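First chain A sits with chain B, and in the next complex the same chain sits with chain C.
Right, the complex of A and B next:
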């Protein structure tokens, strides 16, 4: 097992490297000079000297392979370079926002799991009844309702009935846990709904598949009672694919955060991505894209490890 | 003299059969009522979008500062916004924007992805390996992040948005179609085609491509829903179509929250439109998947 973990961990390095190369090239595909584009995007006129100075500051006047090596050396030391917009270190820009987004993502995952697994199981066990239909409606709607609209509706509701608006500043968890939760629970619900819809769907179909298995029939004919069959025999085995979905969707939560953080006025990674793109801050975009991809690759790694741990049949040399 | 008799026998033979086996579309509708409802909604949206200029009671972009924040009522069914523009008219024209971007990006993305997928499966070896590693990387970004990155390169606007969404779909389409194409490559008829000396491109386009039609269609329908959601999200973030073009996501950005207390209808109706549109394509996609690919039925 430990050997598998190590090999699987080392396998992430070439993938990450390939991702870095692709992102690096992607930013260089931008038609025209990124410094010029960035500086004149506000409609202002800038002299050639200013552009040259900015290029030199960002190291963009060096040959392309040199720029790549610089970036790589920086990455190894966890230095993502500087933002073209604010001039701050990208690592710092990310660090001050990571806590909020991570907390939001974890809360959303908890909400999604707590909703999805019981709902999906219930729907599978009561297949074809109104309960099943209601759960299916819940998940079909979850995939269709945009999370930013759900957020807007929540704000609308709280504003009308409780005169509450999302606070302008973020309260960290350790400062005031109650205020922190009150601030994050609604955006977490807005993002988590879609997430739980996906997971509930997966739980239902995995459960349906497992319930058809021979060993479940054996369990019934042995006269085992219902909870033992459902919880110990069926759900345990059905949870394998559900783990995958929950793990990978966790990495993809950033896609929901970009819109939800905007609605709830939260200064997290999602908002940073939107800002970076609106400001055409290419160095920051480069760093953030790498962060997103690294998150996905890491989630994949964790899912694989959890899988190997949950299912003793899986043994990779 | 013989001809009319022949026609009679034909119709006599066909009619009872037709009574036993109803039209395939009718059968689909009976079996998948949700899918039929989705189709109905999509057709309705298409018609409303196409004829928006005839159906819409007002000009969607003309500001009327004498008619700001009018409540939904007989004059303005869905009320008016901060510029006095009729919300219903903007929704109808917004359907046009959503559907144009949705269809264009989904068809382009799914088709290019499908072609690359079939090519990857057919040639195998190094071609497949290189393409799959590339797809692996592109798939590690959520679609919206990939689309946003492409918008950062190309800039905003309707055409760029279509390109951004289409490009983000390609790796996902490639994955789905490659899986089906791998199975087709192993079939006897592909082997037979190769045996009679058919060229690579003939086998790819005449023998393999038509047979991935079912997964392609299912995928396309799923993409349509996603594309509408993506367009709305990007426009909401200010990275999609820009004012004054009527677009559902754009109607929800900024103003809708700022005037939430005064004019909640500005926030409610566009979101409802997005949800219904995406729902319609999703339920149709699910029904198509169940009907066309019985292996995936759950």
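Right, the complex of A and C next:
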């Protein structure tokens, strides 16, 4: 097992390197120039000399291969560089937002898991009954309703009936838990609902499949009691695909909540990615994309480890 | 009976009488008292974007001015209650020599930087040296604006002298640029790029905190040189990009206002939901949308085609209709309508495309297209920015207008990056361009139309030495009438004779704020807001 973990961990390095090369090239293919965006997009008159001087300062006049080597040398030293737009360290830019995005992802995952697993299990166990239909309705509605739209409805409801809006600025959980939750619980609910719908459907279908297995029939024939069969034998095996869904969704939530973050005005990683792209902030885009890629790779890695824990048949020896 | 029972009896009558007497006693003073500025409170306002750096000398965006301007002072500034009057900010007084070549400023005494050190004329000189003669490796976005300046000197600690190469009538107004913050000389000598990442000014507010992506906060400067100012204890600039989120923030009371302004739909939503709790200030805006042509590409290399295109637009009708849905309004030329150098309406009507008889104008447009050998019209792509307000309504309006003279237009909206890249690379046929300035001065507004080798934002790619000549002539002409004449010649050549560009409509500013925000008056440019020195909260 430990050998597997080390091998998988080392395999992350070439994967990230390939991602780095791809990102570096892709961002430079997209038309647009950070210097013009910064100095001209306000509609003000700026001379060509000023634009050239700024391009030189940012190193954009160097050949592409040279820029790539500079970036790689920085990465080897764990120096992600500075944002071309703000001049701030990229690690700092990300750190400011990562706390909010991680907390939101964790909250949404908790909400989704707490809702999805019991509901999916219940729907499978009570297949064909009104309970099953109600859970299916809940899931389909969750899939059909975009989380940002649910967020807009929440905001309109609060504004119309309470003249209230979740706080616009982030307060860390340990500083003021009430203010923190007042801001994040609503987007977490909006996102968690859609997320739970995906996971509930997956739980239901996985449970239905497992409940038809011979070993479950054997368990019933042995006279094992219902909770033991359902929780210990059925659900544990059914959770394998659900774990994959939850893992991938979690990774997605770190950087993929662009619109929901805009609706709730959250200062998260998703908004930062959009800002970086619209500013053509190459160094920041590169740093962020590496983070997102690393998040996905890590989530997959953790899911694989959890597989082994859930299913003793799986061995990585 | 019931009424008498409720209000009857001697004690109630006595209370009522006392109340009446009190009301009479304080009545006349009441409203005046309510208008007396009150100290305290924190102003929360929205800024639609974030500052790229903190150095006003190198940046050009309001996103840097709105959150950071309250930390600084200028040498002179516009009196926003009486624009375009220029008043002293750090300058106590000034004199201008008879030949207009020497501007001598006396700097206020007792002004302190936020670190406690005293401001002297050396700080003003160092700041302007950085703007006009930036050292190697330092960007100054307004270096060329001050091409008339020969030297800046500080003969004594209270005096700054600007020596000009030639008399420039708009020089004082240009000095009042909201970007010309006064920095500390000692810091600039040590590190000319210090101000890109740090704050050290003399302004009414000291730096509080900056959480990137979230907000910028300032707190009252107790040692501010203006007695009793600022009124506010502090301010918080909230970075909110989405228009819907901006309205929600104001509706909920988490933000008092946004200085840049909103669209009519947002204004109406706020008015409907907040009633008399919200105040809407509206006024002209020194911003506009222009159509530019790539005159190297067919058929826009033919002046008859460009003329047909401008004749096809019903600006006057468009102004009425679009002002209902977008922050668009006045019809004008290169100089803002009703500004000191603007063409009068009858003069304007003589330019191609400004005649109110749109039917005749469109007939002439069709005739020109026939003469140009394209009687059936032609197809082209209009590049536009994917910023909803006001670019999208402008683009849709133009497509409709040109359809009426037989032109088939493909409207392509791109993100600002590719949009500018296409302009710069000449990869466009026609495009919706824009300009925004802080002062009505021909030096500023005409600069865009200088030949391509002189102007980085002349995306049309033309070279017109006549325009260059007139530009530099007007910049040196002190006589206002003569200068206006040259400016109008310039406008006529750009808009009507050569038609390098088409002015569609000027913008109209709508600023909503909660009723308790006092001491604010809308200005012609969002760049001029806010130093927050005089703003106060009544509740």
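The rule is simple: the second predicted complex is superposed on the first by the 290 of 317 C-alpha atoms of A that agree within 3 Å, B and C clash if a C-alpha of one lies under 4 Å from a C-alpha of the other, contacts with A are read in each partner's own complex, and residues count from 1 in each chain.
Please note the rule applied: a contact is a pair of C-beta atoms (placed from the backbone, for glycine too) under 8 Å apart; a residue touches a chain by one contact, two chains touch by 3 or more.
Please read all numbers here as calculations on a predicted model, not as lab measurements.
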Chain B versus chain C as contact partner of A:119, first or second or both or neither: neither
Contacts of A:254 with chain B and chain C, given as first, second, both or neither: first
Contacts of A:105 with chain B and chain C, given as first, second, both or neither: neither
Which superposed partner A:155 touches (first chain B, second chain C, both, neither): both
Contacts of A:85 with chain B and chain C, given as first, second, both or neither: second
First, second, both or neither for A:229, with chain B first and chain C second: neither
Chain B versus chain C as contact partner of A:39, first or second or both or neither: second
Partner chain(s) touched by A:285 [first = chain B, second = chain C, both, neither]: first
Partner chain(s) touched by A:239 [first = chain B, second = chain C, both, neither]: neither
Touching both chain B and chain C, residues of chain A: 30-31, 152, 155, 159, 262-263, 278, 280
Complex interface listing, chain B residues touching chain A: 133-134, 136-138, 140-145, 148-149, 151-153, 225, 229, 232-233, 236-239, 249, 252, 256-257, 260-261, 264, 267-268, 270-271, 274-276, 278-279, 282-283, 286, 298
Residues on chain A engaged by chain B in the complex (per definition of touch): 15, 18-19, 22, 26-27, 29-31, 140-141, 143-146, 148-149, 152-153, 155-156, 159-160, 204-205, 208-209, 252, 254-255, 258-259, 262-263, 273-274, 276-278, 280, 282, 285, 289, 292-293, 296-297, 300
Touch list for chain C against partner chain A, complex: 50, 52-53, 59-62, 137, 139-141, 143-144, 196-197, 211-215, 238, 240-242, 244-245, 248-249, 251-255, 273, 287, 415-418, 420-422, 424, 434-437, 444, 447-448, 455-457
Contact footprint of chain C on chain A as seen in their complex: 30-33, 36-48, 50-51, 53-54, 57, 85-88, 93, 96-97, 152, 155, 158-159, 163-165, 167-170, 262-265, 267, 271-272, 275, 278-280
